[in-house]
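Read from first to last, the chains carry the letters A, B, C, D and E; within each, the first residue is number 1.
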Amino acid sequence: MQELINRAKELLADGTVARVLGWKAGDLPYNPEPAYFETEESLKDFVYNGFCGANLSKYMIEASKLEGKTMVCLKPCDTYSFNQLIKEHRVDRDKAYIVGVGCKGKLDIEKIKKQGIKGIQSIQGAEITDDAETLTIQTIYGEKTCAYKDGMLERCHVCKGKEHQIYDEIIGESKDTKDADRFDEVRRIEAMRPEEKFAFFQSELSKCIRCNACRNVCPACSCRKCVFDSNKFDSSQKANVDSFEEKMFHIIRAFHVAGRCTDCGECSRVCPQGIPLHLFNRKFIKDIDELYGEYQAGEDTDSKGPLTNFTFDDAEPSIVTERG
Amino acid sequence: MSIEAKEEFRPKIVAFCCNWCSYAGADLAGSSRLSYPADVKIIRVPCSCRVNPMFILRAFEKGADGVIMCGCHPGDCHYSTGNYYARRRMTLLFSMLDYIGVENGRTRVEWVSAAEGVKFSTTMNEFVEKIYSLGKNVRLEDIRCRN
Amino acid sequence: MSTEKKQAELIKEISGVNPLKCMKCGKCSASCPSFNEMDIKPHQFVSYVANENIEELVNSKSLWKCLSCFACVERCPRDVKPGKLIDAARQLVVRQKGQNYLTPDEIPELLDPELPQQLLVSAFRRYRR
Amino acid sequence: MKYSYFPGCTLRTKARDLDAYARVSARALGFELEEIDNWQCCGGVYPLGSDEIATKLSSVRALNEAKEKGQDLVTLCSACHHVIKRVNDDMKNVEDIRTRANNYMKLAEPYEGETEVLHFLEVLRDRIGFDELKKKVVNPLTGKKIGAYYGCLLLRPGKIMAFDNPENPTIIEDFIRAIGAEPVVYPYRNECCGGYISLKEKDMSKNMCNNIMDSAAGFGAEMLITACPLCLYNLNKSGNGKLPVHYFTELLAEALGVKEEALQTLTSDKEVAE
Amino acid sequence: MQRIGVFVCHCGSNIAATVDVKRVAEMALMEPGVVHAEDYQYMCSEAGQALIAKAIEEKQLTGLVICSCSPRMHEATFRKAAERAGLNPYMVEIANIREHCSWIHKDMEEATKKAVILMRAAVAKVNLNTPLQPGESLVTKRALVIGGGIAGIQTALDIADAGYEVDIVEKEPSIGGRMSQLDKTFPTLDCSACILTPKMVEAAAHEKINIYTYSEVEKVSGFVGDFTVDIRKKARSVDMDKCTGCGVCQEKCPSKKAPSEFNRGLNNRSAIYTPFAQAIPNVPVIDREHCIKFKTGKCGVCSKVCQAGAIDYDQKDEIVTEKYGAIVVATGFDIIKLDNYDEYAYSQSKDVITSLELERIMNAAGPTSGHLERLSDGKAPKEIVFIQCVGSRCSDDRGKSYCSKICCMYTAKHAMLIRDKYPDVNVTVFYIDVRTPGKNFDEFYRRAVEQYGVNYIKGQVGKVIPQPDGKLLVQGSDLLDNKQILKEADMVVLAAAIEPNPDVRKIATMLTASIDTNNFLTEAHAKLRPVESPTAGIFLSGVCQGPKDIPETVAQAGAAAVKAIGLLAKDKLMTNPCTAKPDETLCNGCSTCANVCPYGAITYEDKEIFDHGIRETRRVAQVNSALCQGCGACTVACPSGAMDLQGFSNRQIIAEVDAICR
């Protein structure tokens, strides 16, 4: 982290960048939040640790409009989103000084709490320089430990890899965290009977409060104005009064980002209700991979996305019924 | 399904037809007097690629029991490529509906040319039959829209 | 499925060849250095598999005359690769016990002082399981 | 420069000279062939069946060893080269084979075709350069008319071997020019010598070898050179003897003035063997 | 709020027998916005149309719903009627209660119910209709033809004869194209030059045709009716106005080692040259790569011998900018390179030649003055083998997947001509299939076999083996005899596949005309619009669209000309107003819509946008309504809903959905 801060100071000092986009410590030991730093002085609040899960690439849409360059800290998975945003002309590559930051997996405080660790006062072992094996947690009930792995976000268990797709320089080490297949959960649902599927999504989606956190955080959901907020479809936002609403919302949301979603997992991370929203996106990704050839959004900045492309012998929609 | 129940349930079926092939196919079915149930109502669109998944969800929301989209055969699109995009969009949408537990068969895509009046009528008969067998759409309906 | 149908499927699977792609141009037979030694000719392999006429194919002496020189594979304009088909048919035979075309007791009389190791190894691979 | 080196079974036995000339020549040209540990025979022929895994593992082992050393893998024998290059292509591009082979191998890190496989001739052409080679020649073989005999294994399938134009190769001709001799181009240079068929069907091989010899001689060749021990054997054994056949490495060693050195190792090896 | 009138047609008994039309009209009055409803026997009749006009005037209607037959039948009729009565024609919607209702349902109750719902959907839509104005654009009455081969020449002549100005741009020093290289033409065997040169002369002399040779299209902007094109006139180093075409310069030029493109490199030409004797214009160019003056600064022989003083070493490339209403692409073809087919020994023996080379050898003006001889030793061949499908019909990536279409016929022609002129020469043709669809084509081929004794063998050739004595051993299949044959030949002729001229890719990009995987230009519709590109105002002539022989090329060239004339004959273009339109305040500028547009109608502009009190420069989509055909692909691709389709807007379609599901 010190290395990052030092580098940030240098870049600010020599005028390469006008500001730094990173994270600052929150009020709790586990809730750092995205922040801009414009002076060397302000960098004292800068943090980068296992709880810095937020994908900062979306902030670059606004930062691209500002005077001067912004140094932005991007984790390996965030760089896919950044590339995708370049492809869609939403960010300006020339306005970004990308520091690819190392990643040893990001932590999910809910998972730690679920292990009965309550009353957290401080957490050791989540620094980027740590070996990411064990977390030592001081609580009001005494010291507890937790395997780093067990506290990790779901998305880190199915990590796309720790290689930055785009960067100006890389700071910090990474550690491979993938130990599961990202489509396993999708496969499990696919194998259910229709009633079970329906019940599963009904129960998950009934938790939705239409707070729009998923939409606001998603780097692909970057429309100036969402269709659900405009009158273009007579579908503008309504209160959450019936079950259809969320289904429509979440299907369309996933459809609008299909072929553009990099599977960064931010939607699920920020959902206050803990709805596994990534299961929608991953279903589309899995279908696209299987039907149209493997495609990873954000791997490059110029290829055609699967929904703006076709081949003459694509599968017919009836394949949905045929493959059962 | 019993006969009484069949009499009670009259499905609402929306058919999106592209102007150049399928709508003309439906016209030909009409001029050839090839009947299909009156439950099917056709909406004319310029091309199958004009059909937004939101239209389909909207139909279900408002109480449709089945939605079918018809377009020119792949390779014959009036706009050259429209139905290729539509094909991908619909495949993914239908797969998602299946995934969240909506009964398979409430949605369908069929390519019908302007010469295929017979195919249009057979397709609609089959589709209506299927929707009868599935019964009322409850999983995707907006309860506020029920009269 | 009949045995021959199964075998035909197996040959297609092992070889990875789709015989329907063949346009019967005869380029394979025109390229084959062993053509005259073969009873079933390279371009015919394809129709034997497509027609599921496997019994005759596996009993053909052509199986043992193909040199795997890949001339047909290289030049086939339709990506059919008859050489791969014939090898798959040969596999079908040698994978069945006792169907080896070369037995160890045959070898001593075939040897000579200069014969390179490579020859024995290759012949074993091709002729035996 | 060091290369991992896969000699293969025949270069340890009947074709010891092919190997010895290559090693001394390599040294003279400033690179080293580092024999990989515990190599196993490549099997001699590439298993064509899409379901064959076990028969490809010895190649994968060799490839992986080179990868671990961070070296390119050099081969001399055409058969080894053919087999290993194709297996490498499978490991790179055929997911099914890659997964299954890696399941068998249980390596620390899966092998995914990272190693580059080079034939000794490719090293000369692409790494040393024939112009460079020419400069190092001390005994140019001026005036010798030599026919290159490629055979099938080095060239086909052209897309995977990517060795040279499979129907009109030039690499050995360029090599011949580099060592000061005159290449003789003849159409049978990429036709098969009969390969393993000569074990049981001597007649077939005879016919093919005669075509090769006649064609080369007809175009004025005084000798043939090859990279393959089996081709050499067949041409000598089944051919009509019109032309002598040599390994290209022998001529290379001669041109570089290190042939004697190789002959010494060969005799001392022989003594040890005896 | 709209004031809508609903008109229900009886269509005699066609509708009224099954649908209670009165009830439909009654029900219509209960719909929002409907202020008038009536039924009539025949709405499309003059009396019916008068009823509509009267209601528009009396009730001040702003929208109409006609419940009648299919809109494909009478939408245009009713729109015109509305327009005559002072209503915007796009305020009319049709409820199809005949084809989609009365004709397919028997039960009156059921059919009436459905007709009411269809009427409701149409009313719901009209409530959201807005008046649309078709755009207008002026047409520049001048056409550009890219390529001066037989296709380009024919198209230009046809357009010019109709009275319009035409420019031909040809990159070679002369027009004439491939056809000028041919000796004879099938199936009539008349001499190619004899039928082509008059056309070349006619084009050159035509007062409406202007020819730019040694020139290339550099840049294209604009759209149908109004293209602006930059043409690069490459420096010829010879003043076109002064040159008399006497040819002395070519004779005296000391640099004579440049391979002749026209003779496919079989012989050499001078550095200052015209490609062939009948070149048009008959003005040479200096090939600066081979010219001694340009290479060393010393020489200048041509300048010294030129009586007219036409040589100008200082000439520079010149860019001409012209406006056109229509562009015809006629870029033609070349034959593939044979590097991938070395088994035929093309690069190893001079006596293995392509068919196009044979054309030159057979031609009296060619490198051998028309004598059939081997290029290696000048001897007369006794055995000639032709090999078909070299690089055609290959599904691997060595060659082309398509049939080149012309080879079977020209090979029959070559075989026949050789047997006719040199009866002692044996001719063998190795073929896969002989394909001769076309008038008098199969008869022609059979004549080669039956009358001229050409030996056709079904089977491909595996290898051509040059022999030490200069003969060529051809190893091929005889599939019908199930034999492998070895045939000794003196000459082998390869029917190499044809491919679109490699320049076409660049040109298509400039024109935003689509191109297929084989680099052939794509037609707007494979069956119904074969000479038009999907991009409006671009037409296709000749082989650039697909393999063709001369008669087909000429026919297509004429067809392309007619399409271009049809466009040029208009003063103004009315554009379909049902086009896509972006809401700039919602547009993200993400390019997704442009990626799916088949017409290249969407571009992006950095524009100052005022949105919610903020003024900022944004990249936003712009639709060129002259190019947009209104398919709507972009509207669905757009994630923010910024792109909408006029006449079929999101809200209109949703209103229809809602009305049907109500």
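Keep this in mind: a contact is a pair of C-beta atoms (placed from the backbone, for glycine too) under 8 Å apart; a residue touches a chain by one contact, two chains touch by 3 or more.
Protein names from UniProt, one per chain: A = 4Fe-4S ferredoxin; B = Hydrogenase iron-sulfur subunit; C = 4Fe-4S dicluster domain-containing protein; D = Disulfide reductase.
It should be emphasised that the depicted structure is a prediction, and the values quoted were computed from it without experimental measurement.
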Handout entry: Partner chains shared by chain A (4Fe-4S ferredoxin) and chain C (touch criterion as defined above)
Key = E
Practice task
Name the chain whose C-alpha centroid is farthest from the C-alpha centroid of chain E.
Solution key: D
Fill in the blank from the handout: Per CA centroids, the chain at the heart of the structure shown is E
Exercise for the section: Would you kindly tell me how far, in whole Å, the mean C-alpha position of chain E lies from that of chain C? Expected result: 47
Exercise for the section: Return the distance between the CA-based centres of chain A (4Fe-4S ferredoxin) and chain D (Disulfide reductase), expressed in whole Å. Expected result: 52
Exercise for the section: Could you tell me the distance, in whole angstrom, between the mean C-alpha positions of chain C and chain D (Disulfide reductase)? Expected result: 25
Handout entry: Residue list for chain B, restricted to those that touch at least two other chains
Key = 52-54, 58, 75, 81, 85, 89
Problem - Interface hub residues of chain D (Disulfide reductase), defined as touching at least two other chains - result: 166-167, 191
Practice task
Would you please write down the residue numbers of chain E that are in contact with two or more other chains?
Solution key: 343, 463, 596, 637, 650, 654
Handout entry: Pairs of chains found to touch, sorted by chain label
Key = A-B, A-E, B-E, C-D, C-E, D-E
Handout entry: Residues of chain E touching chain B in the complex
Key = 70-73, 96, 98-101, 103-107, 110-111, 113-114, 117-118, 121, 514, 522, 524-526, 534, 578, 596, 598, 629-633, 635-637, 645, 648, 650, 653-654, 656-658, 660-662
Exercise for the section: Would you mind writing out the residues of chain D (Disulfide reductase) in touch with chain C in their complex? Expected result: 8-10, 12-15, 41, 43-45, 47-51, 55, 77, 79, 152, 155-158, 166-167, 191-192, 194-201, 204, 208, 228-230, 232-233, 236-237
Problem - Contact set on chain E toward chain A (4Fe-4S ferredoxin) in their complex - result: 583, 585-592, 595-596, 604, 611, 616, 619, 637, 639-641, 644, 650-651, 654-655
Exercise for the section: Name, in rising order, each residue of chain C that touches chain D (Disulfide reductase) in their complex. Expected result: 13-16, 33-34, 37, 64-65, 67-71, 73-74, 83-84, 87-88, 91, 101-102, 110, 112, 114-126
Fill in the blank from the handout: Per the touch rule, the chain C residues reaching chain E in their complex are 21, 23-32, 35-36, 41, 43-44, 71, 75-79
